[in-house]
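Below you will find the structure I want to go over with you.
Read from first to last, the chains carry the letters A, B, C and D; within each, the first residue is number 1.
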Amino acid sequence: MIIVMKPHSTDAQIDGVVTHIQSLGYRAHLSKGDETTIIGVIGDDRPIDRTLFETLDGVEKTVPILKPFKLASADMHPPDTTVPLNGLPVGGPKVAIIAGPCSVESRSQIIESAHAVKEAGATALRGGAYKPRTSPYAFQGMGEEGLVLLAEAREATGLPVVTEAMATEHVPLVAKYADVIQIGARNMQNYPLLNAAGEARVPVLLKRGMMSTIEELLMSAEYILAKGNTQIMLCERGIRTFERYTRNTTDINAVPVLKQMTHLPVILDPSHGTGKWEYVAPVAKAGIAAGADGVIIEVHPDPSHALSDGAQSLKPEKFAQLVQEIRRVAVAVDRS
Amino acid sequence: MIIVMKPHSTDAQIDGVVTHIQSLGYRAHLSKGDETTIIGVIGDDRPIDRTLFETLDGVEKTVPILKPFKLASADMHPPDTTVPLNGLPVGGPKVAIIAGPCSVESRSQIIESAHAVKEAGATALRGGAYKPRTSPYAFQGMGEEGLVLLAEAREATGLPVVTEAMATEHVPLVAKYADVIQIGARNMQNYPLLNAAGEARVPVLLKRGMMSTIEELLMSAEYILAKGNTQIMLCERGIRTFERYTRNTTDINAVPVLKQMTHLPVILDPSHGTGKWEYVAPVAKAGIAAGADGVIIEVHPDPSHALSDGAQSLKPEKFAQLVQEIRRVAVAVDRS
Amino acid sequence: MIIVMKPHSTDAQIDGVVTHIQSLGYRAHLSKGDETTIIGVIGDDRPIDRTLFETLDGVEKTVPILKPFKLASADMHPPDTTVPLNGLPVGGPKVAIIAGPCSVESRSQIIESAHAVKEAGATALRGGAYKPRTSPYAFQGMGEEGLVLLAEAREATGLPVVTEAMATEHVPLVAKYADVIQIGARNMQNYPLLNAAGEARVPVLLKRGMMSTIEELLMSAEYILAKGNTQIMLCERGIRTFERYTRNTTDINAVPVLKQMTHLPVILDPSHGTGKWEYVAPVAKAGIAAGADGVIIEVHPDPSHALSDGAQSLKPEKFAQLVQEIRRVAVAVDRS
Amino acid sequence: MIIVMKPHSTDAQIDGVVTHIQSLGYRAHLSKGDETTIIGVIGDDRPIDRTLFETLDGVEKTVPILKPFKLASADMHPPDTTVPLNGLPVGGPKVAIIAGPCSVESRSQIIESAHAVKEAGATALRGGAYKPRTSPYAFQGMGEEGLVLLAEAREATGLPVVTEAMATEHVPLVAKYADVIQIGARNMQNYPLLNAAGEARVPVLLKRGMMSTIEELLMSAEYILAKGNTQIMLCERGIRTFERYTRNTTDINAVPVLKQMTHLPVILDPSHGTGKWEYVAPVAKAGIAAGADGVIIEVHPDPSHALSDGAQSLKPEKFAQLVQEIRRVAVAVDRS
């Protein structure tokens, strides 16, 4: 980190900062400019809170220099990581398409959905058994019964299953019935859950929080990596902004930023990113054009009777058409 | 809710919507304007996802009419709720001052802090044993050992203890050692945790998520209330915006908005709201002037050696002075 | 608009609102629900400030029903508008590529840039003569001299010129030398400037403000349309969010939203949208995949000596490659 | 500024950066850490765009060290500036209260308002003759006729007049009729207007843009200061966030931040900051408690018939009561 002193800081104040740096086991490097002095801290200062120095006399601010993540960094891990999904290495040349309903609602609904997305060309099936809902009065998911139905749908179609765990106690169950544990946006900084996912030996789909920076997403991945689980797919699913015509704002920039910063594969979720089914297809294609390794899309056989997220769900026939369109865009950017 | 039809929607489309409303057990009320038709849904439609209707032919958008929360609403619960804290009914005329270090770091640190804030006039002691940290390399809290030290500090000073639970499995432990369970900003929408706090028979300090709306804060309180726990203090602790000179943006508007919308007491956290100790005092006073029922403030005997949040912690002598200043402002707005 | 009454509003309060509606020349339509009453205002209420009703006794809130824009609405103007640019109807099947340096810096720089982007396949040349700069100490543009050089570059290459007017007094000059008047993001709500652009008989490229909603962008277009100028291209150039790895967040959702809501063509600016040249190509391709009618891209022969926006400028050879890539994506989404 | 090199940058890349620094007339200072090298640029680098260096080989990012503003900085100008308003030095111990309607609507309305706010104890009268409105269909202000009426209201009451100029061509007129030129939020980065205000020899009330950082506000003040006008009051009027229960989010933190960073007085606008009259009084008091030098408040004799901003306007009797409350809070923070 860099410590920037106030314009008229005294030698005693500078000495105080240097002493403090050394007392923490680091080396200090001074650089005097015309208007101010800056002090560099030499050594891996990731474990300390840099703002501590801001309480010392004469300090104006501190500036981080090292990226706070290590294991997630592209610098540290060439070549890129791929995560196998139904035989497809996600992060490789072929784009993955994960699709299915927001929630598992019944046997017929999930089996029908699974067959529909499989026929359309999906790589994997999504569907929630545990549902984080803003309102306690809304449908909260079928729980373990939903997991059993998802396993049945996999049996019937061969599609691997991606489903969310909302609490540490769900992790073993999800790992038992499903192929990929999803960590939802609201839980991106639920550290006990990240640790549990890190200890599970199952791939993780980690969604970016709607209020989280890309750096924080990578730090959450770092929690999972630090526990030894390297099978992580990162998912951009839209962030919260002032714009009101869409439910969220898809941060399309995050796709190339992540592809540059990390070795982990990147999935785009245009369903949550927009919140409206009419906008899902164009934004899904945009994600692939920007370099995403796959998309995750909500598909429901009867959206206007869905128990959650109906407004952003595609009907199976629209989805089938979108898969074709995605393939054309993938080819245009040298993917398949 | 209101369903707004597209400008040139047909009678068949309107009939379709009305039939759908009725099939869900509600009544429909049509209103034809010059440019468009709107359809009101009569009945308590809180349990259904209003956006479902947006998938029907001819529908342009839906608009909620009822507030989505009930138990948290000021309409439903006069007079205001007070939460007892050290004999002080929080939400009554006297303002509460909760203070202490971000984290429990050692016996001497927490005991010294407790004595210091008690002498300065604090109502309760805060201190974290479980710490949600962005980085896996940062200090994660002392865990149960920290809880034991907090209980000791209470023993030594008589101050009740406010401390965070980060997971359902922490709740029984926190309820055993502490007086108030804090739900942190990152966990405001951790629904299993909210349910567990609702089932505990201990007061809850519920912090607003850094990118959650006031409505979502009230919906999270609704989860706790729905489980039968009415002893909730809401806490505004700053939201995330584009502004970079401060760590967060204190949403001072939230104070009068919450005082109008809900019967629950409102606490302001100027330490997280600003992220810099120099700004804590003015914003704490602003909170009281705006009608907050109390403040929660980080105080550390040696901020530049704090293991977390040093930059926003006050030294005990600054805190003692602030308590005096807060009292003067409280009197000026007819509090005490 | 809809007026929502408070839960326990009285008949006298409801009568008061109805009378107020009628006094303003509108009709009222009552709808009594189980918990509250809502009152619809019938007639084109766009000219009145709906929040006025929020000051009446018993009113909880008001909700707009009509879209506030008319002339910009897709409903009112089928088929889509196209804006001719160098013989290419922007908004038609072929995508437009506008390119050039951020600022005109010298004759050689702009002439060289113009030849480079022309050879690469650009449709039009961009370049700023008047530059809105955050700092008064930064380069402020060459002014009219820059306009003269732009006209020379057009002469030399045949490329039409897009350049910004920052004040009403610039409009006649820009209209004299250039082919398209750009209204920059900081001026999206500079209403005297919008009016002046509306009165000019030259196409306008209207950039979305960095913290303006899509609706506000359309309202600003409405100002220009209301003055009789229908030759408008809308430009999404990134919005301001909490994310810090990129200069702005490209709102890719805005592309399909605008294509649905308005008849005006939509251009994406991935240079400002990302702020970093490495991310320009993927986001440009994303824009085309999402349905944009064109892109506007900063290209500079020597970015590290540019007087403004060097970090987000492509070198000519990278740009030439990007044009080829854009063409492939355009074909994949049935454009050319 | 500091230039941070990529982890594995080569000596040739470092030399390239150093040469570039020197070619621009600055000195370079190298500091090699364990993982990366940083290079300090010595000299006043405010005029150059630091991101230029980000296009050089091996550079990861650049970090500003100097504050970009000079004349506005508290460091450069002790003691604090005061701006005289009706004999009151704004920025001194006594707080200023500027009040009046959003728009001048008629002679009787503005004269009545002026008398009402004067009797209640206001320091100055506000009222808009030129109104920036989102919709071209909304009332746009009375223009010069409104200025004449404002001058009449000053004549009648002795209150100085604060009113907005929206374009350079308004500045001489506003300077002729009024005492303070207001630059509105939408025009905070309208640089021709800032320059014109800087050349006028009349005090300026500069409102923060709803999408502008505190630093950008200070940079806009710097434009005015650089033209020789030092009579500037800065105004926090709420920023745009994701929160929807209020029109804007009052950035209360901005008050102590500005008081620390600059010598210019700071005014809070709780009317725009909240957008709802019920919240104006608590937030006004919060502003004074936080250290603001004054408040600007919308007051209208008949808010439900106001032509703009009725929902956030206080009735005269509420305003009179608020003035008393503000005085009590001012005394409690050692102001008057």
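Descriptive notes on the structure:
As a working rule, contacts are C-beta pairs under 8 Å (C-beta built on N, C-alpha and C of every residue); 3 or more make two chains touch, one makes a residue touch a chain.
Keep in mind the model is a prediction, meaning the values are calculated, not measured.
Compared with subunit B, the chain whose C-alpha mean position is the greatest distance off is C. Centre to centre, using the average C-alpha position, subunit A and subunit D are separated by 38 Å.
Rounded to whole angstrom, the centroid-to-centroid distance between subunit B and subunit D, based on C-alpha atoms, equals 30 Å. If you average the Cα atoms of subunit A and of subunit B, the two centres end up 26 Å apart. Multi-chain contact residues of subunit B (touching two or more other chains): 211, 240-242, 244.
If each chain is drawn as a node and touching chains are joined, the picture has every node linked to every other. Chain contact summary for the complex, subunit C toward subunit B: residues 2, 4, 6-8, 29, 31, 33-36, 38, 40, 42-44, 63, 65-66, 75, 211, 240-242, 244. Listed in rising order, the residues of subunit A touching subunit B in the complex are 20, 46-47, 49, 51-56, 68, 132-140, 166-169, 186-187, 189-193, 209-211, 216, 219, 222-223, 226, 240, 275-277, 303-313. Interface residues of subunit D, counted against subunit B in their complex, comprise 211, 213-215, 239, 241-246, 249-257, 259-261, 273-274, 278-279, 282-283, 285-291, 325, 328-329, 331-333.
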